[in-house]
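Two complexes follow with chain A in common, the first pairing it with chain B and the second with chain C.
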Partner chain A sequence: MYKGGGIIVGLTVFCLVATAPFLLNIGRAAESGPTLSLDTPAIHLLSDPSCVESASYMRAEHMRLLAEWRDQAVREGRSEYVNSAGAIFALSLEESCLQCHSNRAEFCDACHNYAAVEPYCWECHDGGATGS
Partner chain B sequence: MKRREFIKGGLLLGAAGLGGALSLGALRPAAALPPTGAASGARRWGLVIDLDKYNQSADREKIAALCHRRHNVPDIPDTKTEIKWIWEDDFAHSFAEMESPYLSDRIKEMRFPVLCNHCAEPACVKVCPTQATFQRPDGIVNMDYHRCIGCRFCMAGCPFGARSFNFFDPRPYIAEIDPLYPTRTGGVVEKCTFCVERLTAGLPPYCVEAAAGAIIFGDLSDPASEARRALASGFAIRRKAELGTEPSVYYLLGGGGGDA
Partner chain C sequence: MKIWPSFLAALALVLLAWAGVGLFHWQTLFGVVIPYLAFLTFVAGFIRRVVLWGRSAVPFRIPTTCGQQKTLPWIKQDKLENPSSPWQVLGRMCLEVFLFRSLFRNIRTEKRGAALGFGSAKWLWLGGLVFHWSMLIILLRHLRLFLNPVPAPIRGLEALDSFLQIGAPLLYITDLTIVFALTYLFLRRVVVPSVRYISQPADYFPLLLLLAAALSGILMRWFFRVDIRAVKELTMGLVTFHPLPPGQLSIGVIFYIHIFLVSCLFAYFPWSKLMHAGGVFLSPTRNMSNNSRAVRHVNPWNYPVKTHAYAEYEEQFREKMRKAGLPLETE
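This part shows the complex of A and B:
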């Protein structure tokens, strides 16, 4: 092969570099996902610490639920949310969600950072967490 | 083309045009139907401000202070960028078109609380390109900050200067953020909402609560409402009523027991 040695070395180096992310992580535990904290005073006070819907539903669909709440609260003037089990909650980010989930960094941000998404809800709705 | 065919074609075209115009006419009434589904059943929320009571006995400073504190309205000292939901002015500035050189001292010295008039024909709603500001079935002109793109057409459209623009993040100018109400963000317009969040809970707006009887809130479409009874008790004026926006805030002179 004409200049075969150089080609083989080059190909080997290329393959090593291209597969480096996989080779370097061999044997390591798979990324386990973000750890979310439910350790807030309001949640401790609840006798039944469950969200407005099931945890799996909230994990997958909370953004859609919040968008629906937004339209119902602002444009339709509704103030109550009846969940799938028939329980009634205040249809309000401030009064329902942020009372329990007052730990933005450990709860909301933990997952959003993991998923590399930047929702801007907190520019207005932050339950008084920031401020002078 | 023969003349006969030309005339036939023209007749067909004319018939098609007439049919189109008729079908458009049939669509129009459907689009103009009044919105339904008001939670409270009220059709036209309004305020009646009893000027004598307001100027004589009300704790005037408390009214705007309570409103602004509860709604996280920032206190920005620069008048070019300040944000106001309700504030005070004198007669010449509130009712410029009624100004006269021989105004009585009593009227000259009076203070007038001014706020969004929640017009029945709101110019701000008509000019908003995103429907961020909209009229609820109960007559309240509300803002959906999520949709506001900050174009400020509504500020140009409002004849009362009732709207303020957030030129920057307002949070540093809020002394104490009320955690139960959202703040606004830079780039949106805001204004009085007649406390829609309190109305759904069956409570009156904060200004009404703080004014201790000097500001009366009620359904203007209901002749038995407190607001309508107050209007019947004296002479009431509205700001710039001649513009035809039908403001829902009335200023009552000589209402029940006043000295006017």
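This part shows the complex of A and C:
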């Protein structure tokens, strides 16, 4: 090989960069995602604990739902959300969502930190972080 | 038309992933086996390609230059365009790798009436630069799915990329720019007749594959949303070599289409023009210093030629030359 030294150095750098996600995880066991806590007083009081929509829908779509709620509440002045089953909920983060999920650190933040998402909800709503 | 084979190939890959997961439920194949194989192919193929390049000799010192060579001390050298030392080469290479300096010099040649005109043509440079930087930022941003906890620089990069705060989840600027740039680079090959004439399926296919991968990611983020936590569990399983068991792989089909397209891109990379990523560093016209006046560059595969220097010649025929009255350099 010509210029073998340079080629080997270059390929070593390439291998380190390409396999960085593997190398940085050496010694880590397989971790499953965070367990979300549903252990709040408001949820315990419910006879049938269920969210405004199904859990699988909420997992994938809650951010869009909340963005729509925000627009509907702030721009259209609406205050009621009718879900897919026809039940009516207050169209409000603080009056619906956070009433049950009053444990922001163990519920919202757990997943958001895991997936490195920083929603700006908390810039206005404190989500019980300071104890509302 | 050379577009259709590439277009159909890209479409077939999408349909393959859709059918494989949507109809046959081969989640383990598309979510674990193919990504691992693709990554192995990528690394092994990349090394093979570079070693093959390394084994081919560079017979001449052939840097392409377009500035004043190093010469007399009172003539100013153009150190970046005509480097004479390794550090100057490094500077030139950095500009080439990070800013595509040689493409910036791209010009358009056209007939203006009877005369030949040369004009500035920066769009290709701009499109290429926007695409490559978007691609880099997107790659780095994806590390949030492969590291836990996510390091601050990655979070910062993501915050910067989404700082416009449009929609939920937030719009990434690079998602827009990569689609615009790829669309431009593709349309350029379709619309400009001279470029279309020299375009091959191997030129269209990477563009379409990249575009499909980017669009599937965008669709997944804003239109057919998936549970991102389940996605990260899968990706973390991959990088810790503890892939998830088949029961835990129920993520939307769009995710498997995305990861399959990206796997195809990785597997295709070492066998295609995309290897310019490694090739730019090994380009002899860029990575050599122009010091052929100062240093003798010997072709590494020169045959050991038998020489017979004049001194030896004179030694051999000294007596005969003296008798013939020829002048001798040494007595």
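The rule we apply is simple: the second predicted complex is superposed on the first by the 97 of 132 C-alpha atoms of A that agree within 3 Å, B and C clash if a C-alpha of one lies under 4 Å from a C-alpha of the other, contacts with A are read in each partner's own complex, and residues count from 1 in each chain.
Here is the rule we go by: a contact is a pair of C-beta atoms (placed from the backbone, for glycine too) under 8 Å apart; a residue touches a chain by one contact, two chains touch by 3 or more.
Because the structure is a prediction, the values reported are computed rather than measured.
In the superposed three-chain model, the partner touching more residues of chain A is C, compared with the other of chain B and chain C.
Of the two partner chains placed by the overlay, only chain C lies in contact with A:118; chain B stays clear of it. After overlaying the two complexes on the shared chain, residue contacts for A:75 are found with chain B alone; chain C is out of touch. Once the two complexes are laid over each other on the shared chain, residue contacts for A:22 go to chain C alone; chain B is not touched.
In the superposed model, A:98 lies in contact with chain B only, and not with chain C. Counting contacts as defined above, chain A residues 120 meet chain B in one complex and chain C in the other. Touching chain A in their complex are the following residues of chain B: 37-39, 134, 136, 138, 142, 144-146, 169, 171-185, 196-197, 200-201. Every residue of chain A that touches chain B in the complex is listed here, in rising order: 70, 74-79, 93-95, 98, 120, 123-132. Taken in their complex, chain C has these residues touching chain A: 42-43, 46-47, 50-51, 53-58, 143-150, 154-155, 158-159, 165, 167-169, 225-230, 232-233, 236-237, 239-242, 244, 252, 278, 281, 300. Considering their complex, residues 1-4, 7, 10-11, 14-15, 18-19, 21-22, 24-25, 28-34, 56, 59-61, 63-64, 66-67, 111, 113-120 of chain A touch chain C.
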